[in-house]
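What follows is subunit A paired twice: with subunit B in the first complex and subunit C in the second.
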Partner chain A sequence: MIRLYDFDLSGNCYKARLLLAILGVEYERRNVDFFPGLKHREPEFLAVNPLGQLPVLEDGDLRLAQSQAILVYVARKYDPSGRWYPLDSPEIAGQVQQWLGFAEGLTATASAARLADGMGFDFDAEAARDGAHKLFAVMDEHLWFQERQGQDWLAPGAAPTVADIACFPYVMLSEEGGISRETYPAIRRWTDRVKRIPGFVVMPGIFPAVLGSQ
Partner chain B sequence: MDSASIAPGWVPVAASEDVIPRHVFQGKLWGQELAIWRADDGYVNVWENRCLHRGVRLSIGVNTGTELVCQYHGWRYANRNAGCTYIPAHPADAPPRTICNRTWPAREAHGLIWTHLGEGEPALPEAAEAPLVLRAVPVRAAPGDVSAALEGFDPGEGLAHRGGLVFGDGASTLRLFVQPMDSGLSAIRGLVSGPLAGEGLALLRRLNTALTAFGRAAEAAARQHPAPAPIPPVYGRVSEELAEMPEMAAGTGKIRVTIAAKTVVAEGIVSLDLRPLRGVLPAFQPGAHIDVALPNGLVRQYSLVNGPGETDRYIIGVKREPQSAGGSLAIHDSLKPGDLLAISEPRNNFTLRRDAEETIFLAGGIGVTPLLAMAAAMAVDDQDFRLHYFAAGQGHLAFPERLAALGERVQPHLGLDPAGTMAALREILSRPGPARQVYVCGPGPMLDAARTIAADQGWPESAVHFEYFRNTHEIDDSSSFDIALARSAVTLRVPAGKSILQVLRENGIAVPSSCGQGACGTCKVKVLEGIPDHQDVYLNNAEKAANDRIMTCVSRAKSDRLILDL
Partner chain C sequence: MADPLPDPFMLNQWFPISALQDVHDRPRRTTLLGEPLVYFRDGSGCRVTGADGRALPVLEQYACLWTTLGRPEGGLFPIPEYDEPDRRNIAAGSIGVNVSAMRGIENFLDMGHFPYVHTGILGELPHTEVKEYNVELREGGREIVATECLFYQPRASTVSTSGADVEYVYRVPHPTCSVLYKSSPMDTRRLDVIALFGQPTGPESFRGHMVLSILDDVNADDFISYFQLHIFGQDKPILENQMPKRLPLDPRAETPIRADKTSIMYRRWLASNGVTYGVIPAAA
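Now for the complex of A and B:
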């Protein structure tokens, strides 16, 4: 069975949990106390991932770190429809990859502001917030024009892709880092759509968009 | 910038296309956060972005299409009137009508949603009917500065400044609006009409680029000065008692409504569609009823049939009953569409719990009306229920469209004699359970039978809820006794032939009442000492045995004296 080195409050770990849940893939959780325990910096976990980063996914002989890489692997391996990581069109594949890269930027900004404000990590929260606002502005504009063309998701196409999963958590958790989304209405509508994907699961700080869902 | 410098008048706070179904748009005007949401009936609500309970933003809540549900403790607020319809922590109590979220006027015109924070009814700005709506461009700069700078804005496209924030080329017009979000935050909204609008997406992109560049320059200029302090939001006042669970407020106000439609909904049953003459109808909960003052001087109670979100009207169902005092005949024979009626605010003495795992509704004849409202409320949430509807025949099933919408969860029982009805009730009520709730409404004998059968088969009284249309018991008013009013420190004598309520009113003590026959529960008063002689059909047997409440319109005293909490 798949094993996920996981931490509840981590948006990057949540990406993996979210896609695994949506695809209905069973997995075993191995909790790593990132905060306050800082167990990701201890030898036991460094033996799993020398970079000391969560999440890590093990599947058979494969051991994979880095959340975007995990999304790509899970989608290619466990989504027979191929729609979560579409490769048929070079244009779409390129754009999916572009947003996976964008998600790295969100981790460096929105997530950093949250870690500084909420967990006392030594990051420049103001710089992180400024950086996040620049990214959110680009994303909101993109999504607004997508909507005008009848497109619901970051990459073109009728269905969401790993790009949406990769960008969702740190957008949704941004207010924990003091980044309001009040000037990004198209982003807010997109997050509602992500929450309505069948199989969607929540994490602490992220609420459902419909009643009685989990 | 303080509130005194806020200009009156309508301001666009969202685009129509922003406010999509089942979404809650987070808006802001002069520091005031707004929760803007469209119900499934198309109505756009502009509310204070705050749950009255714990102050949580409603923009993270759930738009069910008819109500907004707070994400924290599930308080529900109705479309249009913003009244609180349900508090999960008090599943058995009706939230008082006075718990209402703060609302602002909302208009949808020219592809934008408009509101205003001031008094009165200012006129909407003029614009073309179906223009092209630009993407709102947020600018972190003071609204006054943004407006001033925009007069020198060059939109390109051959559009020249025509005064104010209007640009044109003779055939096409670009109108810009600055939405003052906060002291240091603005949003530029815009509308294009005329031939240029035909360029659609390409034009939207070009103007968005131009306005974004303008916004960056305005932000750079604003950074030369210290940022103004954000405007502290002014919240509507919520008293602590209100936020907790206050007593039911007495409904005294009379509301004028007009009959928009009178429809035959079954053999001998008509429905009235009542619309407010002005303003918005007060909030209601499933199970609520209103008093209707009829042309012949009678006042009658009718349950609201409305499902959740049907807040623009009240729907009642009235059965023709030739044997009665004339209330139903007055409605059937003399009222017609267009007539005016005076009604009370809704009261709810028949509260629906929504924490049950399984709910059984037992309707007899016209008793289906409150249960239809309850069933619709549960259907919206996909909660488990069954509506058993006892009627003389297929043609007697009222509100067939509403029944059809509930689908297979409706189980008709047609043409049964009393013995057949008893057998059916025994079968339906054969499985009491800890999370099962029963609601019964119908003719007196059916209610009596259902309650007896439920008790015999082990249902706790607290799980069997009922509402009688009327009290058919003979009232014995031959006793005489004293009532001591604890708060008023007076003692009054209630003689034979007079009710407690009459004596209270003769002595200037106001107690709300409605049906006058011990069926509706409106005149309920707390008993501090003494043994009441219960003659009502409102309290259940356990409640009667507790001797701590009394219906002052019919019930009396077994002891020489009652001490009442008045």
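Now for the complex of A and C:
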């Protein structure tokens, strides 16, 4: 069975759990005590990923780190429809990839602010918040124009893609880092759409579209 | 707005500033009541220094490092269970929350949110009723105690295998600390202890140190910590979206229901002790 080296409160780990759940793929969760134990810095986990980063996915002989890479692999391997990682149109494939890169920026900003405020990590929370607001403004504008063209998702097309899964967690958890989404209405509508994708699951800090339903 | 000075009742308390397991040789920084502190461990134990470099008093108790900026009368409130040899004492994590520590304590005392916020663990729809319970002052008015709190919980603890009506006892022996006792699935005659020790970093922010003293001979520490963090992680967005971020003490400021008896007593108790820090005092 697939094994996911996982930490419950990690948005990057949640990305992998979210796509696996939506696709109905069974997997085993291996808890790595990132906080408060800092076990990701210890030899046992460094043997799995020398970079000391979560998540890591193991499937047969494959061992894969980096949450965006895991999304790409899981979509290509377990989504026969191909719509979660669409490759037919070069234009769409490029845009999906662009938003996967954008998600790395969210990790460097919104996630860093959350780790600083919530778990006492020694990051510059103010700089991280400023960076996150710049990204949120870009994303909000993009989603607003998408909506004007009848598009619900980050990349063009009728269905959500790995781009939406990659960007969702640290947008949705941003308030834990002191980043309000009050002034980003198109982002708020988009997060609500993500929560209504069939098979959607929550993590601590993220509630279902209907409270008490999960 | 300049940060307010702590009132005498708050100033003269011991406060937790770290789990003991997180205190190392290398100094770390934190904040207590707006004052930046440094703490570290040397040959003789834990040390804490204040903003001007002065050495502050230190207690190492209940898996935490405690200090004070004032002159407390005596030591910490007792938790006798902590010394029972067959219990697992675990510091499950210290989480920063952008809301007043009193809001955090009040949320800890509330059972009404279980089915909605901790769905499938501490509560479940349609079991939303908070049954009648008792709340009183004890220890000469130094402590609030709520008893006979019964709630249906699908998965009350790490060793639960099925849902059950779980009995809770809450103690509030300190303005930003609460100790919760709940039926142990391992031994019906004994209670698990779950404490939330609040470190008010500012009037609208705190670090919650979660400490457990429980009967669990099955699970590893990291799973027990995982369970607590999972629950606290669910509370966090609810807490951080509360407005105002300080706890209003005027009884007319927020409308309580019968299930909020403990909270009503807590707010009254803070007011009667002259607390102004982290709260919005009632108009005179």
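Everything below uses one rule, namely that the second predicted complex is superposed on the first by the 211 of 214 C-alpha atoms of A that agree within 3 Å, B and C clash if a C-alpha of one lies under 4 Å from a C-alpha of the other, contacts with A are read in each partner's own complex, and residues count from 1 in each chain.
Keep in mind that, in the parts below, contacts are C-beta pairs under 8 Å (C-beta built on N, C-alpha and C of every residue); 3 or more make two chains touch, one makes a residue touch a chain.
Predicted model, so just to flag it, every value in this text is computed and none were measured.
Using the contact criterion defined above for the overlaid structures, shared-chain residue A:F207 touches subunit B and also reaches subunit C.
After overlaying the two complexes on the shared chain, residue contacts for A:R83 are found with neither subunit B nor subunit C.
In the overlay built on the shared chain, the residue A:R3 is in contact with neither subunit B nor subunit C. Touch criterion met: A:R148 reaches subunit B, while subunit C stays clear of it. Looking at the shared chain after the overlay, A:G120 reaches subunit C, while subunit B stays out of its contact range. Of the two partner chains placed by the overlay, only subunit C lies in contact with A:G37; subunit B stays clear of it.
Counting contacts by the rule stated earlier, residues 207, 211-212 of subunit A appear in both its interface with subunit B and its interface with subunit C. Against subunit A, in their complex, subunit B makes its touches with residues 14, 17-18, 20, 22-23, 25-28, 33, 59-60, 62, 64, 69, 71, 135-136, 138, 181, 185, 187, 201, 204-205, 208, 212, 381-382.
Residue ranges on subunit C touching subunit A, taken from their complex, read 19, 21-22, 30, 91-98, 115-116, 119-120, 125, 207, 222-223, 225-226, 229-234, 236-237, 240-241. Those residues of subunit A that touch subunit C in the shared complex are 8-9, 31, 33, 35-37, 39, 117-120, 175-176, 178, 203-207, 211-214. Interface residues of subunit A facing subunit B in the complex, by the touch rule stated above, are 137, 141, 144-145, 147-149, 181-183, 185, 188-189, 192, 207-212.
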